[in-house]
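As written, the chain order gives the labels A, B, C and D, with residue 1 at the start of each chain.
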Amino acid sequence: MTAVVTGIDALQYFIPEFILGITGFAILAAGMFGSSRKVNASITFVSLAASFVYTLTMFNHPVYVLSSTFLLDNFGLYFMLLFLAAGMLITFPAIINISAKSEIFFSLLLFTTVGMIIAASSSNLIVLFVSFEAVSTGTYVMTAFHKTERTLEASTKYFFTGAVSTSIIVLGISYFYEATGTFYLSPSPAIISSGAMLVSLILLVIGFGFKLAIFPMHQWAIDTYDGSENSVSAFLSTGSKLVAFMIMLRVFVSGFYGDANDFYIIFTLLAIVTMTYGNFSALSETNLKRLLAYSSVAQAGYLILVFSAAGYAIGISDTNLMEYAVAAGMIYSLVYIFMKGGAFLAMNLSSTKKVDVSDLSGLNKKSPAAALSLSILLLSLAGIPFTGGFLGKFFLFLALIEVKLWWLAVIAILNSAVSVFYYLRVILVMYRGEPSENIKVSSLGVIPLVVCAAAVIILGVYFALFSTVLGFVGGLFR
Amino acid sequence: MELFLIQGLTLLLFTIGLYGVMTAKTGIKTLISIEILLNSALVNLVALGYRSSQPLVLALFVIAISVVESAVGLSIMLAVYRKFGRITIQSLREMRD
Amino acid sequence: MDLALIAWFVFLSPLIAFPLSYFAGLKWKNWSGIIASSSIAVSLILSFILYLYYSVPVHSSYNWFYSFNYGIFVDHLSIAMVMMVSFVSLMIHLFAIYYMGKDPNRHVYFAETSLFTAGMLGLVLSSNLLEFFLFWELVGLCSYLLIGFWFFKPNAASAAKKAFIVTRVGDMSFVIGLAVLYSSLSPLTANPLSIPFLINNMPFVLSVLGSGKLALVSILFLGGAIGKSSQFPLHVWIPDAMEGPTTVSALIHAATMVTAGIYLVARIYPLYYYSGPDVLYTLAIIGSFTAIFAGILGLVVNDIKRILAYSTISQLGYMLSALGLFSVIGLSAVGYAMFHLFVHAFFKAMLFMGAGVILLTLMELRDVKRMGGLWKRMPITVSIIFIGALALSAIYPTAGYFSKDEIISAAYVYMTSSGAWYYALPWIFLTVGAFLTAAYTFRMFFLVALGKPRSELADHAKDPSILVLLPLIPLAILSIIYGFFRGDFLSYLGGSNNLYVPLYIKYLPLTLALLGILVTYLIYGRETWMHMDLSKSRVYSLVKNKFYMDKLFTGSVAERGILPISGKFASFENSYNTDVEKLGRHALDLGTAMRKLQSGVIESYFALIILGSAVVFIIALIVGVI
Amino acid sequence: MLMMELYIALFLLSVVTFLSGKNAKVYSLAVSGAFLLIFLFYFSYRYWGLSAVHGTLQTIPISPAYGFNFSLQSSGLSAVLVVIATFVIFAAIFVSSGNYSQVFYGLIMLTMSGLIGLLLSANLLFFYIFWEVVLVPVYFLIGLYGNRRSDTVSLKFFVYTHIGSVLMLLSFFSLYTYYFYETNGSFSMSISSLMNPALFETMPVFWRGFVFFGLFVAFLVKLPSFPLHSWLPDSYETAPYPVTIVLAGALSIMGGYGFFGILLPVVKVIPQGFLLALIVLGIISLIYFSLSAMSQLSMKRMMAYASAAAMGFVTISFGSGAIELQNSFSPSLYNLAFAGGMYQVLVHGLIMAMIFSSLYYVTKSTGKEMIGSLGGIFRGAPVISSFLLVGLLASLGLPGMAGFVAEFSVLAGIYGEIGMWILLIIFAMLITASYHIWMAQRTLFGPYNEVLGNIHDAGASSSAILTVMMLAIIFLGVFPHSVFELFTNYASGVVIP
């Protein structure tokens, strides 16, 4: 029932990409005539908003385009909205961090978002790989933007591990082709050689696991989030991480539908190790950005719990339980953008590059709004009710229990209980003691925080979201 | 039968590349070994070309991407050299706990 | 004439006086005493009316909570008890107006004593064992407050604490008894703990509980009685309770509260005689042993109030042993015990008030050895004390003789009733007790009255105005003539006086008492005691330290027993808490160790990627395969 | 009928306290006082006939397809507990000295609305949400306003209770899942459908154990009971007095309500192993806490242990009542045990509120908190000392006061099952009586400690609130009929033998 569209009218499905691409070049051109940072930022924001609105209209009629290499279904469109939202989130705060040559930064941002959108609109491995590479290359350059020691070191580490993982992905894809004979990810490929399938599964898990920063492949993420500019690390930890998550959803849940039991075991082991490592190493971390980095590793651990639940559900061939798990993952990623993005943007509140927890002490006296919204974001990261984080974790653990993986749920929920320790420690610091001298409060710094906090609160109460998102999951099995 | 031989070649190239990445002192050496890695994947892809032309399409993309990778890598190394005066990436240790 | 309403107001009128006398007393101190005494006078009159118009047991009760009711239950026993309690406490309150004359917060004193009297009257009239227990503890609370009335005196405060805790031990055994009774009776009856129900259908209760459990229940209630009436194991608190004002000792630790335990056993007496002979034997043996034990202790104490305290304990022993002789004297055992209780209340209250007068004039000098020669200086008071002493040592015309000697002869019949050797013990203890009672009473009397005044205060002592001694007169008259009313007292309580005892046994206690007086006169009457040096004799020091019973309780049980355990628990608690915090620190250190992995060198990152994923996939394969 | 509107008004008003500026205390006092009266009249009107077990159910659907909707329903038990919680928090606000900021009062009002939401909620999802919502403001109250090492203590408090509550969440999920299997396809998170014995019959034994384990851990941590109590002494001691009153008076209700409100309907299917463990834990915590309270030096810490010991009765009464029910003893026993346990929860809150407020006034007038440094203050401050004495006597269970009614009915109810183990409970009650009286003698009576200088007595307002509390305790002790009948009717109505 997915219509196949060919010829000229297929172009209408690529309008979001065109909007972004054209504005990217327009900004580059404007840059030559010396347009100011604010102008570039607002142009970027307008174009992102425009494609956001257009994507909204494309819902509910899935279609194959360009001889079915592209598939525009609700699942992909949902993630497109997420990536555009991530982009919009960091455009204005970027003005604080990006001083010189801002037009390059904003055009890079737009082109990376184009890469993300293309990744979201296809279920063909080649297209996924190419768009994944577009995103990675764009983010390598964004990380190294100011060419200071810190950003350079961050981007070198990011680049080298990224490049190694790209080659692993390509090898994985080649073995996938050898095993299934096609690049299309559909739930029922005829498995030619299961040995190759297993090898490709292992390689793809390492390759994509790198971008999601799961345990063995997470080390670059800690240094890169710490080193790069605040809005860049915000974009990295939300946008590019969720691209990897979406691609993994497509690849594993529908591509490797056949041997779900294997990836259930692999992902459970990885999830347990990642959560525990992320949570425990964040406990005594005093550098706030590194603390958020470790917490994003831990959050990645929660994300891949979706694969264990979905894999186990496929194992016992109960598809709607698998759909609950995927829907839970989708909600978690939506909430994750605002929580993690907002938290990293909060680092703009402190003038120092190496933000220490004590730098934010007494924030309540300087700007109560910032203090309140950052506490809401941290409470949401900890999973306290009435916040979005709770909604995400609620459905995630519900999916785990519905699949009867009670022991995994207990490990995960104890991890999230331990994580409460370091989130609340930061909140107390903000509300006690005298305001530290290197707090600088600017409207650009505070407004995005308040927006994120509001979004998190709204999501926290909006339980009906689960049924709408559950409707989108169908797209995964076209 | 010959597919097995070629895949043996890919794995060999892949391990050489990995070894190069892990032991390279200077940035450029790492870049070269990353190229080796990508090429090993390329060989495997081309070897699978006998079934249909799709893997060859991917091979073309992979060639383009390896060029982009090395371009970005070299520009980062250039900036590192200009800033730190040397490109031994071991010395980049400022980010640690 | 609605007897129930009258009965309610018997104990409600002092209860109303409690807040009244406190708040009235805030402004006009003297008024509080008058309000208190008048409220008790009202309840005396009402109980007298009850006595006159009583025909059939009155029982009206309302639902308190779940299946427990509260209300009043009036029968012969409770009417007699109510009249005695209100009469004696009225006399003591009138005396207290003089005794507490100048004390700044006497309104607090009168409020507490009227609350006490209300509690005592409520206890007597209560219709449910749980309501009985409520008044039982209310009375205990008042005794705690009143012992510690002069709270600034350190040993008064610790005496109050000791009294409360020791009686609490007894109350706890009472509570277990209630719980056992409730849990076995509640499935079968609507109102398991109501007293009239328990008294009237004992066979049904016996069939439900079985004799073993019934014995357990009665022993537990006995434990409560021992605690409150300070029988053998739990008697340690009464000598220290003398720290309170003398009128408090008179009211609470002589006449009313301590008798509550005996009244409890009398009230639910069917429970006891249905639970078999061994329970009754324990009653007798504990009573008689306490009688002799307290008698011995009384001999060596020099404080006048402590001598009277020990005499109270030993007389209570007599009452409890009387209750234990059911197999011989049947239902009149209650009559014997209550008669002795009444008579003892009269002369003991009088003795305490007399001692109070002496203490007031001698500025609270309590050591008997530094008094002396007071008969000439305070003729009226000392002669009243002389009458009390005669009654206490049961000399012929006084009521004491009639009440105590009958019990001893009943004990004799009890001894002959069964061959077992241990049946003889009660009689032996009680007769020796009679001798000891006379000995310590007249030792106290001779030291106080005869010889030369041994302290300058004793020298200037003189009688207070006759008005003060007025309340003592009726008690003196009663303790002399009341003996002759023993017959109809027993018949009123449903007993009979037909006990045949050979003559030489009947008058043995009287002769022993006279012998005791003679011996004490020889020693203490003519100052021979001054040059008797008893310090070396081991027996003397053993008795002086109260057989080390106090040391056993406060020393080994409390100091060496419970406090070290609680110290160990507290230290374990602290280490348990710090362990939890240490656990937190270990997690933090684990975290820092984990972060060491982040060495910053990119080669180690690649190594970890390869190594880490290899390990993960090997484990996955192993787990996948099996 | 208007329960939902009442609750939403309460929630909004408590959020507004944050903006009430200088006169925050007066504002929060007015709001909590008003709601105290409203609840009192509303519930006494609703439960006048003592018969209704459950009030009317009011629901705001949030995502009805999946059973997540915000529904409130009062029951006999929760009605009384709501009134007591409001009263205790009203007293805490009343007692607190004026110089706290509006954030302080806002947090207290949030705790109140969270607690009342928890007591009234008929949906397990919102039961969990309110369970957490109550913890967060208390964490900030201790963290921001506590003395000494308040940050570590508040963190320990929060993480400790949070671990308990997340395990409870997993139990709710498994119930939710098994309800889905049981009715093959329909979802529900409402307490009435998930908490009925029929659902547990078909559940495999392991999962039944898993559900009850999670619920018991959460309730035992909050109660607190023996092994899971180490957050209690530090947080009671570090928190400022009004917060300790809220902690001791109101938050201990959560644990008690957990047992008697949530678990009572399914008491028939709880495995006996759990129930025996409950009784043993109850007895241990009774003895352990009383003995460790005996040798504490600070009055506040001693009373913290006393409060923990008193809650031992709740676990004992629930455990042995449940076993009696399962061994089909006569209802007159286990109904009394359950009603006694509920009454203990109700009364313990009131007594602890009175004790800690009188301790607050003693500390305020003498400036000292350690028992050693006080002595004979009855002479200097007779009013506060007499109120403290009344509180201590009520807490050691003197008849005539509410404590005795609860303790006696528990003892009477459980003897059928426990037999001679009751001696251990009696031993603990004796220890309780002795250290209470010892503390009273050591601080109130005895010679006046001259170091204290002259201390002033409490003002009219303080003796006003303390008198109200004293009258409430004595009223509940002498005329417990109305409340106790409510509990026994609730117990016999809810428990399906």
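Following the convention adopted for this analysis, a residue touches a chain if its C-beta (ideal position, glycine included) is under 8 Å from a C-beta of that chain, and two chains touch if they have at least 3 such contacts.
Nothing here was measured: the structure is a model prediction, and the numbers come from that model.
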Looking at contacts between chains, which pair has the highest count of C-beta pairs? C-D
Greatest centre-to-centre gap (Cα means) from chain D is with chain B
Using mean CA coordinates as chain centres, what's the chain C-chain D distance in Å? 37
Centroid from C-alpha atoms only, then distance chain B to chain D, rounded to Å. What do you get? 65
CA centre of chain B versus CA centre of chain C: separation in Å? 97
Just how far, in Å, is the C-alpha centre of chain D from the one of chain A? 43
Multi-chain contacts in chain A: which residues touch at least two other chains? 156-157, 160, 164, 222-223, 285, 418, 421
Which residues does chain C have that touch at least 2 chains other than itself? 584, 592, 595, 598, 600, 602, 606
Multi-chain contact sites of chain B, meaning residues that touch two or more partners: 18, 21, 89, 92, 94-97
Drawing the touching chains as a network, do you get a line, a ring, a star, a complete graph or other? other
Chain-chain contacts, ordered by label, are A-B, A-C, A-D, B-C, C-D
In the complex, chain C touches chain D at residues 63-67, 130, 133-134, 136-138, 141, 144, 148, 151-152, 154, 156-158, 160-161, 164-165, 168-169, 172-173, 175-176, 178-180, 182-184, 186-187, 562-563, 565-567, 569-570, 572-573, 576-577, 580-581, 584
For chain A, which residues count as touching chain D in their complex? 379, 384-386, 390, 394, 397-398, 401-402, 404, 406, 409-410, 413-414, 416-418, 420-421, 424-425, 428, 431-432, 461, 463-464, 466-467
For chain A, which residues are in contact with chain C within the complex? 156-157, 160-161, 164, 202, 205-206, 209-210, 215-217, 219-220, 222-223, 261-262, 265-266, 269-270, 273, 277, 280-285, 294, 418, 421
Would you mind writing out the residues of chain C in touch with chain A in their complex? 584, 587-592, 594-595, 597-598, 600, 602, 604-606, 608-609, 611-613, 616-617, 619-620, 623-624
In their complex, what parts of chain B are in touch with chain A? 10, 14, 17-18, 21, 27, 30-31, 34, 37-38, 40-42, 44-45, 48, 51, 54-55, 57-58, 61-62, 65, 68-69, 72-73, 76-77, 79-80, 82-84, 89, 92, 94-97
